[in-house]
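In what comes next, subunit A is part of two complexes: it sits with subunit B in the first one and with subunit C in the second one.
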Partner chain A sequence: MSSDARRRILIVDDDDDFATAIKTFLELHGYEVHRAADSRAGVIMAQAVHPHLVLMDVIMEERTAGFFAVQNLRHTPGLEQVPVFVVSSVYAAAPDFRIKPEKAWLAHDDFFSKPVDLTALLKAIAGRIGGDGVGALAPNPGKTK
Partner chain B sequence: MKTLKLPKWKLDLFAAVLQRFGDVHAPVARGDEFVFQRLEHWSDARLDYTRTIVPPKKYFLPPKEQLFTYDAHGYHPSVTGLEKRLVLFGVHACDIYGLNMLDEVFAEGSYPDPYYKARRRNVAVIGIDCVPDEYCFCRSMRADFVEKGFDLFFYDLGDYYFVLVGTAVGDDMVLATESLFEAVTAEDIELYKRHSEDKVALFKTDLELRHLPEIFELEYQNKMWDELGERCLACGACTVVCPTCYCYDVADTVGLGECKGERERCWDSCLYSSHARVAGGENFRETQADRVKFRMYHKQRGFVVEHGRPSCIGCGRCEVTCPVDIHILDVMNQMREVAHVV
Partner chain C sequence: MSEEVTQELEPVVVIDDDYAMRLSCSQILQKMGFRVEVFEDGARGLEGVARLKPALVVVDLKMPGISGLEVVARVHELDPEIIVVVITGFATIGTAVDAMKSGAYDFVPKPFSPDELRVIVNRGLERRRLRQDALRHEQERERLRRRFITFVSHQLRTPVVAVHQYLDVLRRLPEGPDTAGMRAEWLERCLTRTDEMQQLIRDWLTLAEVEGGGLTGERTPQDLGQVLGAAAERHRAYAAGEGVEVTRALPSEPLCVLADETALAVLFDNLIVNAIKYNRAGGRVAVTLEERDGEALVSVRDTGIGVPEEYRASIFDEFVRVKGESAKKTTGTGLGLPICKRIAGELGGVIELESELGTGSTFRVRLPLRAPVQTADTAGGDTREQ
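Our next item is the complex of A and B:
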């Protein structure tokens, strides 16, 4: 059973190295972090841990898996409103694929291209669900208030 | 009409972005058959499907819906879900033709249906070309091509889709992913024309429509209807799967001792014995033969009088669904034979 004392974040990403790095980084900043390695597992795990926020990759078992997983979360009772940040290299994989305006499409709340700017990501997470958002790895903690 | 092309390898990206316009529904496999439902993964979509069990009419005329509630203060229209935006991806031309016919009945008549119109407004339709199987006779019914009723229409031309833009919403979809689409060339247009010509040869079933309304008029008393009535089980399956069968029943539910209630409508079938029964027990279509005949006449003759063409679109659903093999093609060909007009 997850504790309510800490903010819970679910990382849905099939890249072990990336997921491990982000998980470690966020745990150092006081978040409770769970991880699923594909979009189907991500939706199931979200139902189990009820995260305060989801970090969703796009290109997983399918090239658009993350985009559809966001919609699946929106159709899951109790998870309709959970904030979802898409963290993806889809722009690098499909260079002529761009979305206008970048942050106004689909049902996610924010979009971060990989390689992700950890400071910006942490700031966005803290701004959205709270938590200290600052720590030893954050280079400019003063800007995260 | 604006035309564009979309390389096939970009289709999944386009479908993902479509979610901006609503939940994306598409044909998916259910056993050996297909149904329209919300896509949970793009790979679930089966754009090579033959036909879905139930046509897209279910999105516009739900099998059962509450119309309004009422109490001592008046009535309160039910609007829940009417504003929900959907994208139907992969609708065949014949089914779009069927929707256009439902539009004539529910959206364009003297008394437009606000529930139907709201759903039609909020459900985007993306058509896709198909390969006819042995049950398809949409070409005979002139329903193998549509010039309206869709927002986008995709034709498979090998490595890419030739895309017709039908509405401003379709244009918005293209603009939302502008970088995915490309301009068509003269060669693309030539290929599209050849593809359309080649498709004609793929139809294995043909039906001669000439004089059918007149033949129906003359053969009203034919014994063939009694034979069909003997065979028909009155299961109503053909009406459920028909894209243009729209008969419904309306019922009120009122609580005992309460000054409030609700009114619902649900699909009905003219093949049910209760369909034409009225207060006092009188039934205008007493026998199953009467009911089978009524359905055929409404499709092939009554609709012609009102709307200028039969309401059958040749999708083949009733052909594959009838448990006792009553085939509309056989019925119509038999009609020609008994009338000595072949």
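Our next item is the complex of A and C:
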């Protein structure tokens, strides 16, 4: 286990490019970031690195693998309380697979739809586990969308 | 034991104020294999219907209290799929017509024989079954369609999300030599991902075109030997770049099928490109054509990673891609083989896979052969020359 004072984040996502972009962004903001490419590896890695927070994609190898991974984390000793932010691209447009914004039915802590608003993500992470302020990036570049 | 049996029987409800009529209806329906519950007035009958959710209600039109006509309407408020048969005396035949207008399935005039009731009940329940089957099929179709839309939108969105995320981080990255390498690499990835999306849209449109018959509409005799030779030639450079050798064993005599030229090109391009893509350096792709059992048999064999057993049944379904370390480095839309399967099917043929993990895969396409064209010029005799 790391004795580094830095806050650890685990990204579980099967898209290499998405994970690389988010990982780089968070690292430049001072977080230690680990990445697993599927939900099984995600649970195993979570046990190994004991992250302070998990970013979990909900559609991976199976349509709902991420949901089961969240459940598995919740039942893993030492990880019951780890904050899980669910990240998914299904929210906005999928007609039969809507994730309720009120989030009541799923034991996760926050929800982000892809593409992720980096400023909002950073704010939510800092608010939850602290950190930030050590990074080299401007959280808000001049131009708005 | 007897209770278990009773529970499996389909419940039906009889509502009649006349004891003798309740008894005889009950006996007829019990003999037909139903669990019959009888009620002596409309109010109790409706309670029974709400509780039992029967497939069938037999109701007397003329009763004190709630009339039979009202019972018909109220039953259908509970469940419009319940079949209601009304019993009526001759004097109330006009009311029976009203009952039918308000949704009763049919009526039986008193007195009636057991057979008369049986025939009407059976017909009514048969209609209910057909309607329910149709409804179920419709729901299943709708469910699959919606699921498919969800999936397609997810597939289309994934590369867009990756590109968006790269660009958003890129514009926040500090300038400098530290990040220059990353910038260049990420821009390359953005281009790769937009290519992926283009390919997905192209394949998607091709699939829609095949489904609509647009790609297999204009059929002319095509010599498969020539078609396959040209397809193999088209991908020679790509194969060489991957370190894969493409060999062909094609007959010297023409083997003709009736097909659209473009459809055949799409079909065999997909198979050959796959065989190159899912191969290994130094591997081979063997394209063969022969006549077998009156059909043209095309085989595209590779020496690649093979298709694991659990994927073989679904490999021709949309968006099914083999996952695993060895398959990870390849990109694909998951639509190539579905396109191949549709084209082969449209042309009256089939496509099959034979695969051994680690050794390679063979895709076989069988298409109905067509005799060489007999035009007016040549119909007189065997004058056709090659």
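Rule of thumb we're sticking to: the second predicted complex is superposed on the first by the 123 of 145 C-alpha atoms of A that agree within 3 Å, B and C clash if a C-alpha of one lies under 4 Å from a C-alpha of the other, contacts with A are read in each partner's own complex, and residues count from 1 in each chain.
Here is the rule we go by: contacts are C-beta pairs under 8 Å (C-beta built on N, C-alpha and C of every residue); 3 or more make two chains touch, one makes a residue touch a chain.
All values reported here derive from a predicted model rather than from experimental measurement.
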{"item": "Subunit A residues touched by each partner, larger count belonging to subunit B or subunit C", "value": "C"}
{"item": "Which of subunit B and subunit C A:15 touches, first, second, both or neither", "value": "second"}
{"item": "Which of subunit B and subunit C A:24 touches, first, second, both or neither", "value": "second"}
{"item": "Partner chain(s) touched by A:118 [first = subunit B, second = subunit C, both, neither]", "value": "second"}
{"item": "Touched partner set for A:89, first subunit B, second subunit C, both or neither", "value": "second"}
{"item": "Subunit C-contacting residues of subunit A that also contact subunit B", "value": "94, 96-97"}
{"item": "List of subunit A residues in touch with subunit B within their complex", "value": "39-40, 62-65, 67-68, 70-72, 75, 94, 96-100, 105-107"}
{"item": "Interface residues, subunit B side, partner subunit A - complex", "value": "10, 12-13, 15-17, 19-20, 23-24, 38-43, 175-180"}
{"item": "Sites on subunit C touched by subunit A in the complex", "value": "143, 146-147, 149-150, 153-154, 157-158, 160-166, 168-169, 171-174, 182, 186, 189, 193, 323"}
{"item": "Parts of subunit A lying in touch with subunit C, wherever the complex brings them together", "value": "15, 17-18, 20-22, 24-25, 28, 59, 61, 89-90, 93-97, 114-116, 118, 136-139, 141, 143"}
